[in-house]
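Order as written gives the chain letters A, B, C, D, E and F; numbering starts at 1 within each chain.
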Amino acid sequence: MATVRLWSDDEAEADPAVKAVFDDLRATRKSDFVNNFWRGLANDPVALKRTWESLKAIMVQPGALDPLTCELIYMAVSATNTCTYCIHSHTAAARQKGMTDAQYAHFLQIVGMAAQTNALVTAMQIPVDEAFQVSG
Amino acid sequence: MATVRLWSDDEAEADPAVKAVFDDLRATRKSDFVNNFWRGLANDPVALKRTWESLKAIMVQPGALDPLTCELIYMAVSATNTCTYCIHSHTAAARQKGMTDAQYAHFLQIVGMAAQTNALVTAMQIPVDEAFQVSG
Amino acid sequence: MATVRLWSDDEAEADPAVKAVFDDLRATRKSDFVNNFWRGLANDPVALKRTWESLKAIMVQPGALDPLTCELIYMAVSATNTCTYCIHSHTAAARQKGMTDAQYAHFLQIVGMAAQTNALVTAMQIPVDEAFQVSG
Amino acid sequence: MATVRLWSDDEAEADPAVKAVFDDLRATRKSDFVNNFWRGLANDPVALKRTWESLKAIMVQPGALDPLTCELIYMAVSATNTCTYCIHSHTAAARQKGMTDAQYAHFLQIVGMAAQTNALVTAMQIPVDEAFQVSG
Amino acid sequence: MATVRLWSDDEAEADPAVKAVFDDLRATRKSDFVNNFWRGLANDPVALKRTWESLKAIMVQPGALDPLTCELIYMAVSATNTCTYCIHSHTAAARQKGMTDAQYAHFLQIVGMAAQTNALVTAMQIPVDEAFQVSG
Amino acid sequence: MATVRLWSDDEAEADPAVKAVFDDLRATRKSDFVNNFWRGLANDPVALKRTWESLKAIMVQPGALDPLTCELIYMAVSATNTCTYCIHSHTAAARQKGMTDAQYAHFLQIVGMAAQTNALVTAMQIPVDEAFQVSG
């Protein structure tokens, strides 16, 4: 159970600030489904609006990376942070954006490999090579 | 300073098991440069071979995801695990594989956004929507 | 299900060392409720006593920070460590100590913002400004 | 060394979008000092603006929690995420906002205590008490 | 619910590559029980084989550390990564390998103590003593 | 640089509460060396005493696990928490307690393997087998 109330559609409909975000979210995603994250954030309409607008700018609107790659990066962060909810929601989103079983299997192997080498490097405290010390 | 000895080229040359991995690594990457991670792992030649072969299979040989996407996933895990070495080495690798400044900027925004929503979801203990509870 | 046995009140009553801690815990908190964490720790009465005495000294007895601020810091650590149990127990404790909905909403925004900037800073490996390099 | 270029004041001055954020940041903080985080984010002026506006809304403008409490929460998240930069910058900010040595000592004890009980609870997989399963 | 299909025994039996790993796993462990981790990994038979062979080499075959110590290290990493599944499976494995209640209680205290001092050290950004800066 | 002052021997000598802990630490360890962690904690003599007494009880006094195993568990937690200071200090302590190069190499492989399977399990959200759901 959440530590906050999850807003029903009726409650959202009755609050203009929340309704505006839910409406935009549904129109942008071309779907009536509003997942629990937004229903929890609705307790703070200002935060709801700010978070949705950031997410839309970064994950929905056209950017330098394609939509599936964006989801894979999101999934990688979420898995590493052990965020159960985010793993489920973004794996589902990646599938909707065309992730194949082979791509998901490859993704899983990379996440596991990175976690392993991260742990080895950290445990051995390997110093960064000078060759990598070049800023952008 | 590392907690293990970083093998010099001369030392690696003198140990057939280590030499074999360093040789394959150089041939595979078409570069003479062997970064510190492998020089630290060389203290355990069996682990060195196993790790390199796994990495080669997952990150170098053709797979379902293209090489740059692989690096972006690796970078996302490494940043979330705060692995300084891995962040530097894989950001450098991504640039070598063609990552543009615009793609890197987009990547950073996704990593930040995912970290933020991960934290919000976790702090509010949002339950997973039934719609996401569908196995592959 | 826990990996350890959770002690019932009857079991605790029958072990003088455990009983002493449960009695002090109930008297200190002015409540009969003993939550599962202590019932799990009871398997190691010495650790139970040490942990409760440390917690009492840090979180219950008057200190430089007021009780609600203490809980907010505890919640921030627990959310970042994705400790489901601790998030629930300390959010409940904060509400008991007077946390308003507005304060909780503000807390959530700070936790999300900090997670986001932490991730950005780490991914970009921003060096610490000299101005911050001043010890206490 | 960062993986991105840190913008100098001259460079920032020459880019209207970056200049606008740096100007607002200096005016809001009543200080000429712009720390490295913003100089790194300047490579993506849109992200720079969005991040600064979110931070200003959450950490600078009056909210339900007082400025020092906000910093203590930020510090708790940053310490738990082992974000060296953020620990330094927000500990410095907390001192500027009046954090005393006694308050900092108390903060450190809470962060340590929370990390310890988080680890114990997680290792024992303690189930959440029904009494805590009450949503907001 | 998992994000991948968990293979039944019948499905595994019908796929030679998966069957080979399940057979070796059962023979090596002298038990018919194949836990869910391997049933999920079975979706990628190449990864299944690589992961099982690494695990067998590191955790099953005789090495410099005895089997119970190996499990305790695995449990410590899993608890710190808040991996619920791994905490359960490796605590069970440790008990099978002879872990006593007293050893488990001691383990828990070390995990809690390490988490606490890790957090304190990180929050205070304690510099590494020169005496520790000696590589292997 | 630390966010707190590191106490010199002269300062510690002049404060009876700090001196008492430093004296006991030196006598217990049979060494004059007091590492930086304690010099930072000295700013809060009550916390210094509590932390040292807990550490002594858990890590120094005879317990169910032998001293080297204790250090290996501490190292595993510290590596997973990416605590640079703790990795260095406890790897040094493990060597002092007799850790061989072969044991350290084995330790590193377990830490890497656990991190990898933790990440795979979490990314796939593998449900805990009923067989593991047996409390202590």
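List of remarks:
One rule holds in what follows: a contact is a pair of C-beta atoms (placed from the backbone, for glycine too) under 8 Å apart; a residue touches a chain by one contact, two chains touch by 3 or more.
Since the model is a prediction, treat every value here as computed from it, not as a measurement.
Any chain touching chain B that also touches chain E appears here: A, C, D, F. Under half of the residue numbers found at the chain A and chain C interface occur in both copies, marking it as a different-residue contact. Looking at B-C alongside D-F, one finds more C-beta pairs in contact between the chains of B-C. When you average the Cα atoms of each chain and compare centres, the chain farthest from chain E turns out to be D. Inter-chain spacing, taken between the CA centroids of chain E and chain F, is 21 Å.
Here the spacing of chain A and chain F, counted between their Cα centres, is 35 Å.
Per-chain CA centroids place chain C at a distance of 28 Å from chain E.
For chain B, the set of residues touching two or more other chains reads 1-4, 6, 43, 51, 54, 77, 79-84, 87-88, 91, 101, 104-105, 107-109, 111-120, 122-125, 133-134, 136. The residues of chain D lying in touch with chain C in their complex are 1-4, 6, 33, 35-37, 40-41, 51, 54-55, 58-59, 63-65, 69-70, 72-74, 76-81, 83-86, 88-89, 91-92, 95, 100-107, 109-111, 113-129, 131-134, 136.
Looking at the complex, you find that chain E touches chain C at residues 82, 87-88, 91, 101, 104-105, 108-109, 112, 119. For chain C in complex with chain E, the residues that touch the partner chain are 3-4, 43-44, 47, 51, 77, 81-83.
Residue ranges of chain A in contact with chain F, taken from their complex: 75, 79-80, 82, 84, 87-88, 107-108, 111-120, 122-125. The residues of chain A lying in touch with chain D in their complex are 1-6, 43, 46, 50, 54, 57, 133-136.
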